[in-house]
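Would you mind keeping the following structure in view while I ask a few things?
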Amino acid sequence: MLLKSNPKKDFISTQEWPEEELQNLINLTEDVKKNPKKYNNSLMGKALCMFFYNPSTRTRNSTEVAAYQLGMHPTFNSIKDSWIGYNSESIKDTAHVLARYYDAIGIRIFPVSVNWIYKEGNRILREFASHARIPIINFEDDLYHPLQALTDIYTIKEKFHTPKNKKIVISWAYHPKPLPLSVPNSILLISTRFGMDVTLTHPKHFELDEEIINMARHNAEESGGSLTISNNIEESYEGADVVYIKSWGSCEFYGDPREEKKLRLPYKESWRIKEKYLEYTQTNSIVMHCLPIRRNIVADDEVIDGPHSIVYDQAENRLYTIKALLYYLLKESK
Amino acid sequence: MLLKSNPKKDFISTQEWPEEELQNLINLTEDVKKNPKKYNNSLMGKALCMFFYNPSTRTRNSTEVAAYQLGMHPTFNSIKDSWIGYNSESIKDTAHVLARYYDAIGIRIFPVSVNWIYKEGNRILREFASHARIPIINFEDDLYHPLQALTDIYTIKEKFHTPKNKKIVISWAYHPKPLPLSVPNSILLISTRFGMDVTLTHPKHFELDEEIINMARHNAEESGGSLTISNNIEESYEGADVVYIKSWGSCEFYGDPREEKKLRLPYKESWRIKEKYLEYTQTNSIVMHCLPIRRNIVADDEVIDGPHSIVYDQAENRLYTIKALLYYLLKESK
Amino acid sequence: MLLKSNPKKDFISTQEWPEEELQNLINLTEDVKKNPKKYNNSLMGKALCMFFYNPSTRTRNSTEVAAYQLGMHPTFNSIKDSWIGYNSESIKDTAHVLARYYDAIGIRIFPVSVNWIYKEGNRILREFASHARIPIINFEDDLYHPLQALTDIYTIKEKFHTPKNKKIVISWAYHPKPLPLSVPNSILLISTRFGMDVTLTHPKHFELDEEIINMARHNAEESGGSLTISNNIEESYEGADVVYIKSWGSCEFYGDPREEKKLRLPYKESWRIKEKYLEYTQTNSIVMHCLPIRRNIVADDEVIDGPHSIVYDQAENRLYTIKALLYYLLKESK
């Protein structure tokens, strides 16, 4: 693979990356997984700043291990121990300064940390990016989780050789809280990008943002895939190769959990993903979920632990994706 | 030393490890201390996940340094920054996923983090162990602190050449709060295991769990040691080679600090360990405590800083024990 | 440069270090910046304990990266995860034990963490130093921030070749809260030490501690510099080569924010540093601030982002200073 002498490049959403580069990332992920030793200490001397406004298991730990294997030093900064968390320093100054010490900055920021002001988390990431002369990596904001998307499309490719024209059902599920939109947005955008036949299914009131839907429609046209939206869960699962389970909150009452709950509660039973729904899918279908998952509330144990489930493989692949991304962003061309 | 090609092996209590393997660990600890360079970077490329529900000074810092010296990467996860801490993810899923990234997981969980439900912390560790395909290391739960026990028996061996038939008095002491049982349980089990003549002394109402006592009695029989239990502190110190000071709460009101305090308060003065108690011991006796200690409440400065005290040497040995354990668990056989 | 076989040496304030050694540190900082590769892994195998009672961006992150580049392992301990934070362990014991694992300990402790008992933070650092057999590094206490001072004097030297007889105005500025005295004390002491012509300007009631002023006067006499104190901000900026902006609280109501605020509030507008003040300074003057800074409250964007400002270069130099210091303290003589 040919790596260009990179100018600073941010990874804030997959949507703004050209397909060729995403393809390069996927191929690199595959190579990183197959030939780990080849990348050992390849980024020796470089350091990664990790900035978490919110909790993390997979993102933080996969990144710590990936950075270490590449020879990098990862520094975990909780917002609680930082001046930004105390409103004492502007993002501009923090970004400028950290960029003097580090080679990249990864940031996680959820809606709860921006008072559910729609897209404010993403805006903060872009503000970081506009000031830092080093790459900003989105560790999940309130709009996108591109590392998850990259992992997901890589995992689908790994299981089916190619995502092209495989049927994926992106299935809403019940959850006691209104969860962010980052993961459904991201899987929708990446799956339509890579030519999959996508069915998005959810109850009424749980439509994704029209702007995202429009991007996904455009993606599907470009890639030779398709996008269908349906409120009928059972029909939607019909013939699926990939079942992608994820809960999200209603945009209608974004940031208003009390009102939102009234919309969600009626679907507690019918949209808890059950084993029988999988009978509509292909016999070799795979069940994906980004985790964490509330068992027997979002989906039954029989689904998560059943023969279709590949959720742990999917989580493991997070390690290879972030390794590939760091290498791609930071390795100087030879 | 011959190391077997290890299948996954957990270190949750010393009691379930065969004596031969414990002996191997002690010998390895000695070698790690004497020949540190031999082990430098011997576990290069491996990563250790540290999971703390509760504060730590010795366990965390000795492990960080030990892992680094072995070439490993240690990741400190506070429960506050993890999804488990928010009840969002099952132990099963967390364990499965972390095991995909790491080579071992160390976990600290105190009674306070499981609402003082007796043995619940230990149960959680075992649940982690049942799901993770990598070793789980007990960084102190509500029943055991095996790394402390291993350090203690190694330290006794270091000071007296062998623990065999040395007299140890495990002495209760006053403390303003009802402390966990993990350390007294662990020193009792390891000292009886290695043939020491053990006197356990505490006021009435501060009996250890009968199940633990029975294990200790069995240990003493097997090892050729002995176990005496007494409420008379002065008699108990008579002729001791090792004075092991530790406070713990009464099992009678486990998790009920208000009622428990009434049992404890009468012993505030008489069970504060004073210099004069050491006069009953051997002239070359050693005073041990796992730290942290409330000075002049649990024991007087004259005891902690006096000529018998080896508490800092004991704390230092934590470094060699965890290095030895990591090496033992993770080094592939040649 | 000749490095002595160091006995333990603490870095708690620059004032107690001989000028020759400070000069050595500055020269080493310069070399570390110019020839980074020379120092790569030069402290391999050594470990640094970082102990933060309070938030940090620059100090923590520059130290993490510096330690890593030197081959060291840095461990970030938040007071929240440590027994000291729970009043469970004495400083004596913590210091003794950490010194058994680590090669140096850096500590940050602000007035808020010692209930604004004047100098108590500094006293705690010195208590650590009296017990630990390894160097204690001040990561900012309630009296001094010597790493900032060292960075500042190095930065001035970098920009003007030498600090000698350059005019620096250390300028108070408004801030919504009563900030600590550590930074103004430290820049005052280091600038007078290195022969600068120092003007300290602040409104009435914002005098620094007389003890510090006396040290500064003595420094100026020894070094051939000068010290002027003035309440007239515009006059003070006249002809300055260096404008050093910093807010601090009034000593008159130390630890009493309500009363202190009454003294501070009248200066909200007049002591917000504006672009026009810079017109009084030399055309090639530099504007410094240790950051974080509240923009358009302490100083206007036009000042911070303007052509005189070197605040990001100053922040970057923190990296080289801590690298130099660690090397100086821990590198064995050849």
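Things worth noting here:
Order of writing sets the chain letters: A, B and C. Residues in each chain are counted from 1.
Heads up, the rule we're going with is that a residue touches a chain if its C-beta (ideal position, glycine included) is under 8 Å from a C-beta of that chain, and two chains touch if they have at least 3 such contacts.
Note that the structure is a prediction, hence the values are computed from the model and not measured.
In a homomeric contact, the two copies may use the same or different surfaces; for subunit A and subunit B, under half of the interface residue numbers are shared, pointing to different surfaces.
Taking CA atoms, the transformation carrying subunit B onto subunit C includes a rotation by 120°, reported to the nearest 5. Note on chain placement: the centre of subunit A and the centre of subunit B lie 41 Å apart, centres being C-alpha means. Annotation for subunit C: residues touching 2 or more other chains are 76.
Per the touch definition, subunit C reaches subunit A in the complex via residues 40, 52, 55-58, 60-62, 64-65, 68-69, 76, 78, 291-295, 304, 311-312, 315-316, 319.
On subunit C, the positions that touch subunit B within their shared complex are 45, 47, 49, 73, 75-77, 80-86, 88-90, 93-94, 96-98, 100-102.
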